[in-house]
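The letters A, B, C and D name the chains in turn, as written, and every chain counts its residues from 1.
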Amino acid sequence: MPSDLRSMAQHIKSGMRLALPVDYAGVSMAMTRPMIDHGAGDLHLICVPTGGLQVDQLIGAGLVTSVETSAVSLGEAGGAPRFNQAVKDGALRLRDATCPAIHAGLMAAQKGSPFVPMRGLIGTDVLRHRDDWRVIDNPFADGGDPIVLIPAIRPDIAIFHAPMADRFGNVWIGRRRELAAMAYASTQTLVTVERIVDHSLLADEMTAAGTLPALYVTDIGLAPGGAWPYGLWGEYPTDTDELARYARAARSAEGFAEYMASQAKVQA
Amino acid sequence: MTPALPREILICTIARLLEGVRTVAVGAASPMPAAASMLRRALDEGARQVRLSILGSVEHNFFTNGSTELFDCAGQGRLDAFFLGGGQIDGQANVNLVGVGDYPQSRVRWPGSFGSAYLYFTVPRVILFREEHTPRVLVEKVDFISAPGISPPGVYRPGGPVALLTSKALFSFDRERPGFTLESLHPGHDLAELHAATGFAFAHTDDPPVTPGPDTATLSLLRGRVLDELEETYPAFATDWRRDLAAAQPVT
Amino acid sequence: MPSDLRSMAQHIKSGMRLALPVDYAGVSMAMTRPMIDHGAGDLHLICVPTGGLQVDQLIGAGLVTSVETSAVSLGEAGGAPRFNQAVKDGALRLRDATCPAIHAGLMAAQKGSPFVPMRGLIGTDVLRHRDDWRVIDNPFADGGDPIVLIPAIRPDIAIFHAPMADRFGNVWIGRRRELAAMAYASTQTLVTVERIVDHSLLADEMTAAGTLPALYVTDIGLAPGGAWPYGLWGEYPTDTDELARYARAARSAEGFAEYMASQAKVQA
Amino acid sequence: MTPALPREILICTIARLLEGVRTVAVGAASPMPAAASMLRRALDEGARQVRLSILGSVEHNFFTNGSTELFDCAGQGRLDAFFLGGGQIDGQANVNLVGVGDYPQSRVRWPGSFGSAYLYFTVPRVILFREEHTPRVLVEKVDFISAPGISPPGVYRPGGPVALLTSKALFSFDRERPGFTLESLHPGHDLAELHAATGFAFAHTDDPPVTPGPDTATLSLLRGRVLDELEETYPAFATDWRRDLAAAQPVT
């Protein structure tokens, strides 16, 4: 039985670390409003590996304390206005990263390892501002060869949107395997889907190949069009007009509040 | 045939920089690098297979392991070329994608470093591409190093910048000196203008050449097959380009 | 166009490191005979993560100098006779590992990292005999907390069998993602398949989810039943009688030679 | 009803050791642990979902990320129980899956350590299961430590052995002492026989209890639904079991 999105939001407690996917990988925009209404704040967002509309809205709603990300933007619609304002105001703890470092941190958690090493990064200000990363000399080199160690990222909850689930709790993620990586690394995983099918996705090798097993899935909600205004691969395209409309509205706190209020009405 | 438009010269210049690549990736919302890669693929057909991945595209995406695969590919040495822009680029080819002013409370905040802090180190042929050529973008020293142009000896660095292309000129990058060398000025631009528009010093000859335009065959390929291919992923850019072409049509 | 298996074997040069999959993941038994006939020796086998019939036959044919593996056996048919004999004779350089360490080494290569850390192993004789592994104190702990670093495993060639490929060189591996891991880590990858389809496996998100892209694939050969006597998931079961027949025959070098000669006749 | 067969007592004992687990994995060719896990799942139905993965099985495999996923799962703390055998097991619960004699030129070579050198450290409830109970298997000190029973303080070790089950007896393992404690003798075995058959010293009371057999309801579940389920993956074992049951049928 699919769960109600509002009851799914109850899993989120103040102070939790949430992992959210990149805009093209299946953002559960449908969960944004229930999350804001639920109101659990002091959230630590981990963008896998970049953030967009959902991150901007959660920041605008005042729920976010820190963001670990490789970027936050609205893509073609420009900068993320509430994020940018919060940065200017010093209202966010920023953990600027680079895409593969976020993947690396999740991979460490997936493997149950305290860290993984990663090439690159040496000499960047990204590294200079990360006191939670370490640099060691590669123990397999003859000396020198500095290499960065990225500690495991263990989110409390991963939240994403996918094309389908079955009634046994398995979720089809196709080739968007970062969604599986998020789930492996996270204690809980909340998923919204376009549809729920009766047959097991694991019963057939073709669907099984793109399936995240129920073992990792805490709760599933039915939300057709649930990535909107983002698109969902193989399902529907991004509504760039709506993203642009948001980008214009959210330039000010008032405009953001009005936009969110009008959205709430549409959804009610 | 209508002479090459400025954007066509840029695309053909990038395609030239991609000579010999097997695998190239371009970021989302990068129509010119995408067009150049498609042109390269078309030019090399029969001789060499050029693979192109456009991030975030469903159609032009040969990856099946999530968004980590691009970086894995680079780490494996399978990715030959990549493009980086930058809110600021300095004379040492340092790139800033984060913001202006004191970090973290940046006065102007850009999206962030994306994969630059890794790909700049691992992809052999990184092409810096930024159309805006002003002292605001091309600065003496970036405010934040998302990715450094060079690394000290002993740092693992098979990759790095090879060229910087703007709306005004093409530079090569010399890792030894280190610094940029002006290779050519695009038609209609001169050295004095370039010095005024560039916040860093660069090497140049007294009389730098003009960036060559494409030959007729290349231009036909570009306006035919490549423009058609591009339209699927970048419809707005393609429409705009076709409009420019129609406007530039010589009166007959 | 699929390649001839004999010409595919030409990719193998003496002294190369070959990655071969576990018995249930798609062993290209069809390549074994062409490899033996080709005769490139001094091979270093990396079993991902364990070996079976193919490994035993390559050892029996005298082509193998070293084996890195977590185990070699014929499963229900018992021990691997040529492997066991070679161990007794001291004729093999053994690199005993444990399954996740082999996966870890391949993952390091996949990521372009010189090593990855792995829990477990401390106090084992597996670790004690591996002079290519290192132990460091976890730099993220307050002191102590020893952890093993596994260096990257970079095979020259990965060889496996899969259900299908398309004529663009993409290979469908389904949920057997260790095959992708092998290919990512290896310089070249040779694949035999049950069938080759005309449409691109990447054109459809459902098939794309289980597809190894052509980028990683060096050569593909058509070999229906190419895993036999092993099974292939979703296609055909293991022929345990044949495995048992081999196990009996290969107890002696002569029996092994006779078995291989009789196989060659069947295949001719 | 026919009284519990020896193998049924073993299966029910394992099922008891699995009380409270959510996720359990069993190796290939492990019909008794598989049957016990199926029994546990059937017993807990409605109260708790028990997930079972049988390695190498297509049917009983809820993994979709290749053969690495089992180990990842263990590393994430999602795997509650696992089984290990061993060519040799010693009094400190060290396990040897590699061979007898001096490594590497082992006199007797077994397949190898498989995943033991990792799973023994990371799975909270590892059950040592080896039917053969002889001084050859249960030795004072193993020739090769594939996986150690205990680790010094400071070594990351959330997992380890909890019990050793053989065809003769059930032992628990005390990590503090360290060593095995006899919990019960299976019907028909006695302490003298056990001492003779065991190469290591173990703690025991003067009059150890007999391993309890299953109650009638459990036995019905085992011989009905569980045996049917098991048949799909282990047909030969199931046939054998049915034959034993038929042979043991009380003459009516």
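Here, contacts are C-beta pairs under 8 Å (C-beta built on N, C-alpha and C of every residue); 3 or more make two chains touch, one makes a residue touch a chain.
Model, not experiment: these values are computed from the prediction.
If you take subunit C and subunit D together, the chains in touch with both are A. Leaving out subunit C only, every other chain stays linked by touch in one piece. Most remote from subunit D, judged by the distance between CA-atom centroids, is B.
A straight line joining the Cα centres of subunit B and subunit C is 41 Å long. Chain centres here are Cα means. That of subunit B falls 60 Å from that of subunit D. For this pair, subunit A with subunit C, the centres built from the Cα atoms lie 36 Å apart. Multi-chain contact residues of subunit C (touching two or more other chains) are listed as 107, 111-113, 118-119, 145, 147, 175, 180, 205, 208-211, 233-234.
The set of subunit B residues touching two or more other chains comprises 58, 63-65, 71, 75, 122.
Shown here, the protein chains touch in an arrangement that is not a line, ring, star or fully connected set. Chain pairs that touch, as defined above: A-B, A-C, A-D, B-C, C-D.
Listing the residues of subunit C that touch subunit D in their complex gives 22-25, 48-50, 69-73, 75-76, 79-80, 83-84, 87-90, 94, 96-101, 103, 107, 118-127, 129, 144-147, 175-181, 233-234. Residue ranges of subunit C in contact with subunit B, taken from their complex: 109-113, 180, 184-185, 202, 205, 208-216. Contact residues on subunit D toward subunit A in their complex (touch as defined above): 23, 51, 58, 61-65, 71-78, 122.
Those residues of subunit D that touch subunit C in the shared complex are 28-29, 56, 58, 63-68, 71, 75, 97-99, 103-107, 109-122, 144-148, 151-152, 154-156.
Across the complex, subunit A meets subunit C through its residues 100, 104, 107, 111-119, 134, 136, 138-141, 145, 147, 149, 151, 173-175, 205-211, 233-234.
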